[in-house]
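Next up is a structure, given as structure tokens.
Going by the order they are written in, the chains are A, B, C and D; count residues from 1 in each one.
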Amino acid sequence: MTINIGVIGTGAIGADHARRISKTLIGGKIVAVNDVNISQAQSLVDELGLSATIHNSGHDLIHDDGVDAVLVTSWGPTHEEFVVAAINAGKYVFCEKPLATSAQGCRNIIEAEMQAQKRLVQVGFMRPYDSGYLQLKNAIDSGLIGEPLIVHCAHRNPSVPDTYHTPMAIHDTLIHELDVLRWLLNDEFVSAQVVFPRKTKYAHSALADPQIVLLETKKGVRIDVEVFVNCQYGYDIQCSVVGEEGIANLPEPQSLLLRKEAKLSNDILMDWKDRFIAAYDVELQAFINGISNNKLTGPSAWDGMAASIASDACVKAQQSQQIEPITMPEQPAFYR
Amino acid sequence: MTINIGVIGTGAIGADHARRISKTLIGGKIVAVNDVNISQAQSLVDELGLSATIHNSGHDLIHDDGVDAVLVTSWGPTHEEFVVAAINAGKYVFCEKPLATSAQGCRNIIEAEMQAQKRLVQVGFMRPYDSGYLQLKNAIDSGLIGEPLIVHCAHRNPSVPDTYHTPMAIHDTLIHELDVLRWLLNDEFVSAQVVFPRKTKYAHSALADPQIVLLETKKGVRIDVEVFVNCQYGYDIQCSVVGEEGIANLPEPQSLLLRKEAKLSNDILMDWKDRFIAAYDVELQAFINGISNNKLTGPSAWDGMAASIASDACVKAQQSQQIEPITMPEQPAFYR
Amino acid sequence: MTINIGVIGTGAIGADHARRISKTLIGGKIVAVNDVNISQAQSLVDELGLSATIHNSGHDLIHDDGVDAVLVTSWGPTHEEFVVAAINAGKYVFCEKPLATSAQGCRNIIEAEMQAQKRLVQVGFMRPYDSGYLQLKNAIDSGLIGEPLIVHCAHRNPSVPDTYHTPMAIHDTLIHELDVLRWLLNDEFVSAQVVFPRKTKYAHSALADPQIVLLETKKGVRIDVEVFVNCQYGYDIQCSVVGEEGIANLPEPQSLLLRKEAKLSNDILMDWKDRFIAAYDVELQAFINGISNNKLTGPSAWDGMAASIASDACVKAQQSQQIEPITMPEQPAFYR
Amino acid sequence: MTINIGVIGTGAIGADHARRISKTLIGGKIVAVNDVNISQAQSLVDELGLSATIHNSGHDLIHDDGVDAVLVTSWGPTHEEFVVAAINAGKYVFCEKPLATSAQGCRNIIEAEMQAQKRLVQVGFMRPYDSGYLQLKNAIDSGLIGEPLIVHCAHRNPSVPDTYHTPMAIHDTLIHELDVLRWLLNDEFVSAQVVFPRKTKYAHSALADPQIVLLETKKGVRIDVEVFVNCQYGYDIQCSVVGEEGIANLPEPQSLLLRKEAKLSNDILMDWKDRFIAAYDVELQAFINGISNNKLTGPSAWDGMAASIASDACVKAQQSQQIEPITMPEQPAFYR
């Protein structure tokens, strides 16, 4: 059984996903596309040699009877509208982050989905599909390191453009940790604090860089995340889970061990796009398989909302320089 | 365009490849199967829910008009016969190692293929599709470490059954190095020597273990391969290329870095099947893609023969305890 | 020129230092000993075959004309008294940590030393003499990683006895970081915060374990120190300095890389005494050499006081769960 | 008790050892020096502020009644003469490698020493005093990795001067492995083979570089040593012992782990003098302590001869390109 998929938004990530589905993954087929820039949609159809309808609007695409599932990869502020429309049309929908630009937007999606009485939404958080994080989760869940007590994380980029400002360290960067840590620890955040270390000379004036975000969970786990987006040396994601009986570290990406020019070295990636490239495949294959099995298992609308609520609290903590509570509503049975 | 594939031999590796094609890879479809044990073929069809013809003989399968390409995963001694038949029927054929049980058998296949005036055969050497070896080859080809001068290798298994005897260290174990090193170095072997170190107490009486195989190439590169199949501690593949300006090591398989019980450790695999699991997917996808593009690029019948010739010389060197020449015929333009 | 040394307190650390001076180091000689337990002092003299006077009191030892320099390795609460007496007698004095049990006690020592118009005191902080920390300091001072912005530390012990309670995580454990970080960064602390993660089941009821201590320096560097004294797996000291252009990590202690039982591993030390064993030699040799050169260069009384002030603030932060200021007086030229 | 030491030969290594004894080690004192260049001997006396007699000849120094022990650090061809003279004078003697320039010369020394009925000679092989090799030996002797079966070694220098020719790869470079491996394995060599890989472009015309030396021991252990003296990237000593139950690797020298410029790296040493710098101290302290205890324990004249015999066989194997036997005489009880 092939899943017929429509793509709303054929920019960088939308085009990548369309390529994946057409060239790498199994069980899915792009049958419809839409973009605010119709010629861009056309180019993608041409490039991939698709026999796909080019729709004039996302809503037309959603209501195309030939479309079983929708990929929402359009501009962030349009996500909520298309996701809700897809749910209301009874269609599966994969939505790139953010699920919505506000916690309220997420809540609207959740309401729609619960009304549909069926999980239809997968949010595009890819880290839970990364082989390294999966090994780390397995170490925790199997009891290998005992109960987790502390998590030390770092999220480092070589540099960011001038348009990147202080709150984006949360919304665009930390957001991945906010999702993956809930999943990794099977736990919820209860508070956030942000401290600003001495600023690197490589950050422009509108950006506090680096930052340290301190999170506390319901079970009492303490998390520190160093967010450092002008670290110069590489795109480097670190995660070290300190348990009662041992400590497990996220594996470094595989690379040659080299002896050259007085150094014993492994390469560090410079481009974030290379870091989780395999995870994007696994993530989207899981979406297709979930539809085939009539049971989505990936990051849910609830997870999207949780990340959004935590994210808002962290931004507040940046501004207040206080410890800010993170208040998550009780998770309904529907999402457990 | 979907490639319709027939599988001759539905034992462990045949079944695995069928599962891959049906569940993981794109562009191929199992449409016919055959096994000396018909009920085993039937079980596979049932398990995978295939709509596939079960043929009474490999030859029937090969001549099935619905079959575009053949997987030969039957018992080794039958490979030559089925591969030649497939070639003669003008069909693409993926043959698990060994291509044939003798160098003469390989030559027969090469003759048939050259007569067909088209590369139709891919041999099941998977290491050139492993991401680690690809990084290593890239380090060499890009000049990162200068011209290669020496290669140190190890091929270690935790243990082998009692049926495993001294020459199998070449035919079944070293064979992978014999293939991958030619590809890695873009070079040919010219001589082989085998030395037998002190024997481990874990080897049974009919087996010399460990062994060290010393190879010389046309360009003068010297290779030492430690073959140690009762090393107890793990399945461990090492390859270190010493170049004029640096040394590159095959990456270790990705694993968690763990601090526990007075050890800072990474896991070593125990099961060889886990080591190149991803490479099997890539290898077979390359076969399917090669057919789609009408151009096979993987290990050829020539490569199969080269490994077979080198392998025979190594076994002779085990027995003679002398340096034995490895005489490769001139490579015809057809295979370059 | 041999320095004649008297030892006040011949318990574990005093005896170790006496052994060092007699058997390993150059330029010093134990000529006098004292202990509240005279027979213990006698045993040490016998064991080392010393020709040393056994004094009935520390003060007698200090005033022994044959004694050039004094080692104070007696019970903590007696340190201040003996150090001040040694200073007043114009003698060099090496005092094990703590320099005094209160910041006021440290101030008294500083006053005495400044009145003596000569640096006479070295405090027994050994980490600045560890080869790993020296490499780390060199990386910072040479500009290799740019200006330091963040330091991530961990101080982990496998387990502690039942007598170890929450404030000891500061006084006995963190104290080493409080000293070494000032030296490493050439900076002063300005505030401290302590957070208590979920407690390990291996900690007894009177102990919060692990703890995370957050420090801020004058230059704005942010430091997080995980103190985890029942971590089970080893004695593990981590220090990672995040600079503007790179990150440098304290080296792991040298150990064999082992492939065994499905693990690629290095040993982690279990006993803290093994971790800085070489640094104790270097530290004490530096004291002897400093006397010979008439210029002490190691951790000063001022450094002892600074650690004491920071330590008091951290204990206060444990109790208040607030960010507590650390107020260091202006450093007089005498100590620069 | 202080050992009064005379130094014959105050060139680089002689001066270094004199500095060690005067400034770092305990229990020894330089009381006499000699050099063919008297003014060089005088300079050393001045530099170190020694009250030492400057002798006109090595023999005068040896017969100086104030001299308890002699360091022979003169030009290689003079070693035999001075060592024999020291033995005949009943004095302890530390001789830098080579013990003599021929196996016969070593035999003469052994004869003299056996006649003296007392071990008086220590040869300047420092690797058995290196902390890494000691850990490796401990792993073997404790049975941690089971019986050793294979040893893989590498001895790499960044570059060598034009005066360095092919046999020096044995006499000057491999000589250290020839000594340390006998000690490590507690075994004797029985044969040697040398193969010449493709030559690096960085080697001048009179030098085959790299070389691979294959050794076999009495117990059947097979050893391969890559000698590569123009490897460009560093001074790198590797030793990996493959045992029946595991593999232990010589630790890398301690260095910072650095994240910088897209590399996760440790430094590799470039200068051989830095590699075993601590071992030289331990080696010479052992000599002094051995004299004090009236029992030398380090590399003996027998060990010096064993290395010399093996070395000669390896040079022969370079020339013959055959497997050459290494014939060691039976070790007399005196040296066991």
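We take it that a contact is a pair of C-beta atoms (placed from the backbone, for glycine too) under 8 Å apart; a residue touches a chain by one contact, two chains touch by 3 or more.
Just so we're clear, the structure is a prediction, and the values are computed from it rather than from any experiment.
On a Cα centroid basis, the chain most remote from subunit C in this structure is B. Contact count check for A-D and C-D (C-beta pairs in contact): higher for C-D. Separation between the centroids of subunit A and subunit D, computed from CA atoms only, is 59 Å. Put simply, the C-alpha centre of subunit A and that of subunit C have 45 angstrom between them. Distance between subunit C and subunit D, defined via averaged C-alpha coordinates, is recorded as 38 Å.
Annotation for subunit B: residues 232-233, 245-247, 259-261 touch two or more other chains. In the complex of the two chains, the subunit A residues touching subunit C come out as 146-150, 152, 195-202, 210, 212, 214, 216, 219-222, 224, 226, 228, 231-233, 242, 244-247.
Taken together, the subunit B residues at the contact with subunit C in this complex read 232-234, 236, 252, 259-270.
Residues 23-26, 131-132, 135-136, 139, 144-145, 245-251, 253-261 of subunit D are the ones touching subunit C in the complex.
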